[in-house]
């Protein structure tokens, strides 16, 4: 695994950065991020409902999966770490620093997601809690009325995270009254977001992917995105829960055709009973981190095989 | 009493946090909060009127009740502590850090309640005044145009309160032009607020409860809320003054069916003459803290029985 | 004189606070505040005009009155102290920390009055200038779009003034697009403002009084206000210049019927020639501070008697 | 020359303040300010055009005049000092701390002029550059939507300038959607601005003057302004370039009838060839500082006489 | 090469400033800036398309050109330095401190570009990374609703950059709802922007140039701009990709007729294959820095000649 340490990481933090990146990517350079910030972003909509097993309603469900599956990092808000971290000290965490609910519509206010804590607080928290915190995350809504504010916050968070040897993931969505709905998944637009990410100096950028029209052609076109991102690793969102096999195929195409550097999956993992969720997470890691075929991964999902590492 | 100390409480403040939580919950883990921030929130409307005894008009009424009844904490603004605290040094206080009046309508401005003091001021105030301050409170209006600002303030307050060994209660109301009036008491929506609370890492969250349609079914449905809150304790508001027996039954159902962790009662206690208010507070504590039956509690209210502890 | 020292005054500043309060109230516990912030609030309208003697136009008129009459404190902006303080070092001053002009109408912008200096600056200024500064003042427009901002500024000013042993007076007016003009002098509304004041922990609150409809009944109804204020002293504004005798009667009723703790008078004093202004100020002090009858006070105003102390 | 040192100047800076005031007023107590902030305020409109000599276009024109004429202070932005100060170290400078262009119309946004640097920066800059900086200037738009912001900035700048022994000039214009155009030069309104100035504690205030209707009566009415300003010195703007003789007469009337403390002249000086500009500046100083007659001053302008001091 | 060191550069940083200016201008006093901030400003639009070679899509393309061509400085966002700087340590960098995307239209919000990092961060970054950072850049939209905010940020950035011995380039565009589209390239308006630049004290200002109507007359009229800028060097943007010969002629006229101090070229260089891009950059440097004729420069572009120095 070849590591390109950002220049914003000072000499005396290079070892720390290297360690955090190795943990986060399980030594592969690829990132399998288990995304768990939905309790704020989507309120309780993702956690109860006709097709959602009752396990899911308990916030601890996240931690049970994250501690038993072979994930890279579990990304969530600091409060959940406050409440459950003591019982799950080994999970590699990525603290999501901003979050907003879905209550305000775009007509009412363009999206703005405010930083909850300063990086200084996070760095001190890591030290004090001894939790296995390897990085931080932050969302930017590109094209929003508040783009300028979020650029400022994101740039400072990335800079200060690197100063402390932490890795960074920036969620970027083109969203706001200036963006036509169909452009939110336009590949050329997403490539623009990828270019912004590398200009911000983030290690990884979490971007959307046009699953609805997925095909080999789309996966191929999506190379515009990974090219624009340069040395910043692109990781694609999973989005709404999808049919497993098809979804695994999408991820495989992202990694092997589009040349993404990983995935950020939430609902497609946690909206299942614990054991199924763990198997799904492992199936995703199989493809993302360990170069397994879709078939192998599916066998891991169904329980026919186990994920080796 | 089993305590889950948040990771944001540093090692050298764990003892302080434990002590504060034990005081606040009278060693039961449940919180009976006497809510007294209405002089700002409702101006003088709650304190004079046809059915309100004249005792109530004097701000000291709050303190007389709080010092004589068996409450958990008395939550109010710092100014009242400034003015009356010297004469009531033993009451366990929770300082409500933000407050707003009801003068601005939602049409004029979405609700925003601004922090009055920094946590550093509160921590120093506790030390200097030697008052029995065990925690702090803060209100968030979820879905308001200012949600982002309040998230930032709340997250920092919780983090810094824990750093000082204080407990936290976050009031969360879904309110603003984005929220339909009927959704303010929608259980699924309240569950969303509960999920936000645990992501913020607060010890307790004060939430609304649909008293108007109260029934065993509602109390049962309300489990969605306590489940979503995970390790954050849900405490329900009391709302407008209600018939006593019915109200006590509601609380009993909240605790025993919905599995809430306490209550936050204001008007149902203080809009009475002193002795009746004390008996009412004790009746509520009987159910909330000491597992009494509704009948027992009602006997305490009427003066037939006394609350033991 | 019994003093209730706020808990926000630290032990080592209690002596300083006690001294300031005694100076401000001339040892009576009642406050006769000579209000002199109109050069900003009303521009030059109060200082030149058909019925205004030419003495009034010179800013030094304020200082001549304040130094020769038996007032409690003279409240004004720091700049006037900068310019005239050296020649009037003995006047007890209360620095009014915020001020705005009357140029912007409510239709254009809801009222917002911004803090001019930080409390740290004021405290250092007192020390450096050796002026007899005993306290600070700040205006809140309750119900304004900017209520939240002013709550934050006021709470911090009160807290930090007390930390330095200074006394505080908060001006509270219900004003803004949310307030119907007739409600600005509604007693129940004013009582709400009084309740806010005690929640902020201010020593005194300057409130409006319905002079237009003054009668014994009104004075009696106004007890709702002083009751709501609890341990915070209510002082009433004087408002526009009024017939002297009637005005003195009003003040007498405020003190003896409504149980206010003083007055805040500007135009009714300074819109007169120097000697008449001094006699008027003394007449007001006679009633407010020294329990004189209206008749006695009027004799002091006309020069028949002198104010003893 | 009698000096009234503001109380905000600390003891150990009184000597510095006295020196700066003496330099600025050339030992006369009156201020002849050469105003040079138009390159931002009016962009290039004042510097090229049919009746404007080509000398004027070069920013150095300002410095050539200021270094050769007998002015009090040259007021301009810090950037011009950065670029030309090294070659003109002897000019007494007053740094204009805020400036805005004329591009945004009032319909689009009420005027707001933001502080460019903190007073701490200015104080350090003076020390480091050894330039002859004697004071600072700041503009307030009274009645603008942003009045509150500018009040806060101005008050702090004056306070901190005095703390460092610097003198202050506040430009005050009544301007914004709340102000009728004809009221911008209404004498009663300007007197209001003068009253604000003394409440802010500034040494000098730069105010408008109704040149269009100038007459002895106007000059006499203008005494309302200088009276309202009290111990703050009023200096009048020069405005657009005018016929010389008439203009000198106006200044003479301002000084001798209205009792102003000086002038602030820009275009009437610099929109001329160098030698003519120098003579014009000297003619103005002759009247403002040295009590010359209009005739004498005009002779200085035409080159028949020389200004003695 | 004669250097006018700004007064904001302290004595002990003069050597550093001199060194940075010499590097940036290759010892000529003229600045050939390779502008590379388009990945944020224009998203991916400049990097993929029918007439854009595939080399261009990779962010490293910038660095390959900048390291092999004879440019003055390469201006880009800090994140690109983070990611690629380690492999290109010798390029002279100018960090562009603010950037925005083109997604929000002017109808939605007037342009505002927010500072990403504080100058303190940049100064420390230079020291820590040992990258060859010689200066910083910042964009102001003159006439925008947010002009005041950007003035404040720009003034502080210039002041603090100079304090650290770094050079500064301010991009100024007249843009916003207050500006008619045709005025964006109006020479008199651009001259206004140039005047603002020197009042801010920046070393260089990047301004627009009316290429569409280019002629000797335009180049001559443009002297209004360089005159208004005084001792601040004007460098013109290159704008959209143009025919090479014509473009080189324009630059030659800017330097020799308009008396500009350099150029800031982006798309006209990088929207070519690597070798062609290098030759184009060298052709531009030939004219800008080394006084070559257009013909010579064109020969350098076509490869017939090589740029000597």
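Every chain is named by a letter (A, B, C, D and E) in the order it is written, and numbering of its residues begins at 1.
By our rule, a residue touches a chain if its C-beta (ideal position, glycine included) is under 8 Å from a C-beta of that chain, and two chains touch if they have at least 3 such contacts.
The structure displayed is predicted, hence computed values, not measured ones.
Peer 1: Going only between touching chains, how few steps reach chain D from chain B?
Peer 2: 2
Peer 1: Common contacts of chain A and chain E?
Peer 2: Touches both chain A and chain E: nothing.
Peer 1: How many degrees of rotation carry the C-alpha atoms of chain A onto those of chain B, rounded to the nearest 5?
Peer 2: About 70 degrees of rotation relates the two copies.
Peer 1: Can you work out the whole-Å distance between the CA centroids of chain D and chain E?
Peer 2: Computed from C-alpha means, the inter-chain centre distance equals 36 Å.
Peer 1: Any idea how many Å lie between the Cα centroids of chain A and chain D?
Peer 2: Roughly 58 Å separates the two chain centres.
Peer 1: Can you tell me which residues of chain C touch two or more of the remaining chains?
Peer 2: none
Peer 1: Considering only which chains touch which, label the overall pattern as line, ring, star, complete or other.
Peer 2: Chain contacts: single closed ring, each chain with exactly two partners.
Peer 1: Under the touch definition given earlier, write down the residues of chain B that touch chain C in their complex.
Peer 2: Per the stated touch rule, the residues are 37, 39-40, 43-45, 47-48, 57-60, 76-86, 99-101, 103-105, 108-109, 112-117, 121, 125, 128-129, 131.
Peer 1: Looking at the complex, which residues from chain E come into contact with chain D?
Peer 2: By the definition above, chain E touches chain D via 4-8, 10-11, 142-145, 147-149, 151-152, 155-156, 158-159, 162, 174, 176-179, 188-189, 191-202, 224, 227-228, 230-232.
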